[in-house]
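Note that the chains are named A, B, C and D in the order they appear, and that numbering of residues resets to 1 at the start of each chain.
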Amino acid sequence: MAKFQEMGEVISQVCLCPGIFDLTIKAPQIAAEAGCGQFVAVYSKDAAHLLPRPISLCRINRQAGTIRLVYRVAGYGTDEFSRLAAGDSVRVFGPLGTGFFLSDKKAMIIGGGIGVPPLLETAAALSRRGMRRENIQIVLGYRNECFLKDEFEQFGTVYIATEDGSTGVKGTVIDAINANRLSADVIYSCGPAPMLRALKAYSEEKGITCYVSMEQRMACGIGACLACVCNSTEKDGHSQVNNKRVCADGPVFNAKDIVI
Amino acid sequence: MAKFQEMGEVISQVCLCPGIFDLTIKAPQIAAEAGCGQFVAVYSKDAAHLLPRPISLCRINRQAGTIRLVYRVAGYGTDEFSRLAAGDSVRVFGPLGTGFFLSDKKAMIIGGGIGVPPLLETAAALSRRGMRRENIQIVLGYRNECFLKDEFEQFGTVYIATEDGSTGVKGTVIDAINANRLSADVIYSCGPAPMLRALKAYSEEKGITCYVSMEQRMACGIGACLACVCNSTEKDGHSQVNNKRVCADGPVFNAKDIVI
Amino acid sequence: MSINTSVNIAGVTLKNPVTVCSGTFGSGMEFVEFTDLEKLGAVTTKGVASVPWAGNPVPRIAETPSGMLNAIGLQNPGIDVFCERDIPFLKNFDTKIIVNVCGHSTEEYVDVVKRLADQPVDLLEINISCPNVKEGGIAFGQKPEAAYDITKEVKKYAKQPVIMKLSPNVTDITEMARAVEDAGADAVSLINTITGMKIDINRRTFALANKTGGLSGPAIRPVAVRMVYQVAQAVKLPIIGMGGITCAEDALEFILAGATAVAVGTANFADPFTAVRVAQGIEEYMIRQGVKDINELIGAVR
Amino acid sequence: MSINTSVNIAGVTLKNPVTVCSGTFGSGMEFVEFTDLEKLGAVTTKGVASVPWAGNPVPRIAETPSGMLNAIGLQNPGIDVFCERDIPFLKNFDTKIIVNVCGHSTEEYVDVVKRLADQPVDLLEINISCPNVKEGGIAFGQKPEAAYDITKEVKKYAKQPVIMKLSPNVTDITEMARAVEDAGADAVSLINTITGMKIDINRRTFALANKTGGLSGPAIRPVAVRMVYQVAQAVKLPIIGMGGITCAEDALEFILAGATAVAVGTANFADPFTAVRVAQGIEEYMIRQGVKDINELIGAVR
């Protein structure tokens, strides 16, 4: 699949809540190729910081030629990105990785924390393909601030879990699923490893397909350096060992194929 | 003497001619302390570029609390500085070094190339101290573009030498001195080493005092690291060897004290 | 002006002096979508062993100032799959193939070298310097006698010219270069990564699961240039220089210091278009400076 | 919360673990105008020899990615002027004094150490590792036997505890640390600079008049942290860690890796206020993380 490096013009950036930023970049070649669950590599302008920062696509607007990234300030790079303003430029490379394979089955979209953003494009894509609202169940887990929640509501019913109980169910996304007695045939998920591990167990118990989007430290972002592996349940065809590359074989995997 | 680190606000920047920039920065503490012939250390924002860039003070405006730097784009740092615009900030440290000791004797101010800028404050300072125009003879040598020439004219008579003969005498500042039959009791000079070497010889021949402003690669800029030495004719009191520190003992030296 | 950019490494002509560092470019497959491999003098592949290796646990990398640490642990699919898949892939392109070889023991190196004997590859690069895996060659690369022995052994079976890849984690790099020269190496490449460590002060743990990793990137370039210069003064072998090359100017430092060819590594991560740009930039420099033959530049600063 | 930041190096108590790297801070005179020396655990002075040394020709320094090369060549005014001028100056401040000593030969080292015997200095740091001057100690710092011998000799005459400063330009740093421990060293400091080179491709010459220089700055931090960790596992001596420290977070990497104290070097050039800020930042980290005693952090990551 084609990949492009673009000097993206920043269209806008807003702060959604403390530490969470919402950045829209003009990057028409990437936007034209990208799908939900894929990510881009974003580069720092500082010569001392060499490695790209992988950030998932939160929305893709092919017509406008823009991509939208929602991210948390976690360190040097994301802090630098958070200072970008309309008119600035930022180097991006993508689209990278293997995103979500969408099925027409009744879906649960499950996001946790900073894993929520890539699921917005996923929900939109399901909706665009004609899936009815009631088959798009959206379960979002947060510490407290429920960023992006309102935008999800246009695509399906949103169920919230918060750690502090300030919105929705107090607890995890699993608590929210149980409390709302939700069921589905397929899960699309992204979030912290413990959440994904719980969802893998849950989906195996229920006998349903579960897609998880994984995170790992990356160098090349395109499958060449073998920095970003996760363990696979079976021997991987490319690596000939039980390792898959999150950046190329993933970030989205069928939960059954990997060890979380 | 006190030194200050300031996050200077850029007041203005203009391009004087291709590759030569004129930057005015608000740095009131530095402006209050500085004198002609001193310099500041200017820092890159890029973490990969650690060392400060020494740039001489072209003008000092105590009232406005500003300093003016005129510099040539020579590499990474000066290129970065050349992109600064009004409202940006830049880290500066100074004032550094030992500047010109001004006397009331008939003066020749001699600048070559990018050595011209620090002499503007020198001419202004002589003028401010009441020296008459006819005793401030200004000899400037350029490749071709005569930047800052007009500003010098307010303080004294300006004689030009250009390599290509496009303005004034074709040749060096020595050629301009000879062609205009200039004489003086003291020389204040700054420019490339061959020019300073010629002036040292000239002043020795004429038996007049000659101050030269030297350049050397610097790390600390304050006399601590011994990176920036030049050879001294006599054993130096601080170093106990025939080395003087350009950043602390200079950049301005009495030509008789050093080997050029 | 017609200029010559081709160089000769042990009888193999590279159309230009630029290749990539083993381990930073896979076998080129992932780069081919957006890079023209034929613009490179050679492609150097990720280290391959006699059998598949699983490598180290994650995190395998960490960013450091102007550099990075890696402890991939030489994960590789083994020589069989490599011969079936990677070599045929690379044969589609008009560029030379340098295969990087690793092993836990002399026997394992020799196995791979024998297996490659009838393969259409141009040069072998023997990694005796990977500092990540306990048995991954650290002993061979840090003792002149061991480097001599492995070179001798590999040369017995190699059908292609042999490049010995040197580790910078030694007191005297020239001693290592002389040892492999004496043992019959056809060329040397340097430097591999410098062993480093990063600590996460908030989690109070090592940034890498392996604790230590190999430092690469622009941070190490001055060390690499110094070692290339020293080796160029010490031996007659052609040198492939690497360590922190990000642009043509960096590559030229190595060539002027004595490298016949250069390799782009970590910079491929900072910008996947780097290697091709370096090759172009060298040509531009030659035109600008009126240099007709790249060979005039090799070792020109002394 | 009352916290303890003081550490003990061979019986000498530093009020906090932060000092400066020899050669980057003069004797503090140039920094005192804008820095409060009393905020530092100790001041470490520029290497001093038995007689004045003129050092190397210029250019003596060059910038490199996240680092710099220096080949000052140990210019120094000699021990006599040092005792008359620099020690009395430093005695005005409530901080410890570490005097860095260099020499061309064992005799020269011993001369300086003897001369310092009756001086009010707290610790001696013996630079056996400067890679710039041919006779400036390179042999002592790169061979365990030589390091052992010089340590033994210096210890015979030293009236203050002796810190041996190790060179990173070795195959195995633990071997060097063990050698100086066996010879009776009271502490070690590491790392000195890594030998490097830069070439000016436009002028086709070396960036430094001395050709090679010592690489320092953030670029080398991962190598320094690794070596401090290795040495901490290998010997019982207290360690002063250095190499690329720019902020408290960097300093804490060294402390967690096993350093009892740390030194700020090249970062003083990038920002002359760094050393004091590092000391403050360590205290802030301790408060933030609820660490009552800095000694709990020393070597806490294993």
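The rule is simple: a residue touches a chain if its C-beta (ideal position, glycine included) is under 8 Å from a C-beta of that chain, and two chains touch if they have at least 3 such contacts.
Not measured: the values here are computed from a predicted model.
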item: Any chain in contact with subunit B as well as subunit C; value: A, D
item: Other chains in touch with both subunit C and subunit D; value: A, B
item: Of all other chains, the one whose Cα centre sits farthest from subunit C; value: B
item: Chain pair with more C-beta contacts, A-D versus A-C; value: A-C
item: Inter-centroid spacing, subunit D versus subunit B (mean Cα positions, whole Å); value: 35
item: Where subunit A and subunit D are represented by their mean Cα positions, the distance between them in whole Å; value: 47
item: Euclidean distance of C-alpha centroids - subunit A vs subunit B, Å; value: 56
item: Contacts with 2+ other chains: residues of subunit C; value: 65-67, 217-218
item: Where subunit B touches two or more other chains, by residue; value: 47-49
item: Touch-based graph of the chains, sorted into line, ring, star, complete or other; value: complete
item: Footprint of subunit C on subunit A - complex, ascending; value: 1-5, 43, 47-52, 93, 216-230, 238-243, 248
item: Subunit A residues within the subunit D interface of the complex; value: 47-48
item: List of subunit C residues in touch with subunit B within their complex; value: 65-66, 218
item: Residues of subunit C defined as touching subunit D within the complex; value: 64-67, 69, 142, 169-172, 194-199, 201, 204-206, 211-213, 215, 217-223, 225-226, 229, 244, 249, 252-253, 256-257, 285, 300-301
item: Touching residues (chain side subunit D, partner subunit B) in the complex; value: 23-26, 29-31, 33-34, 46, 52-55, 58-63, 65-68, 70, 72, 75, 77-78, 81, 217-218, 266-273
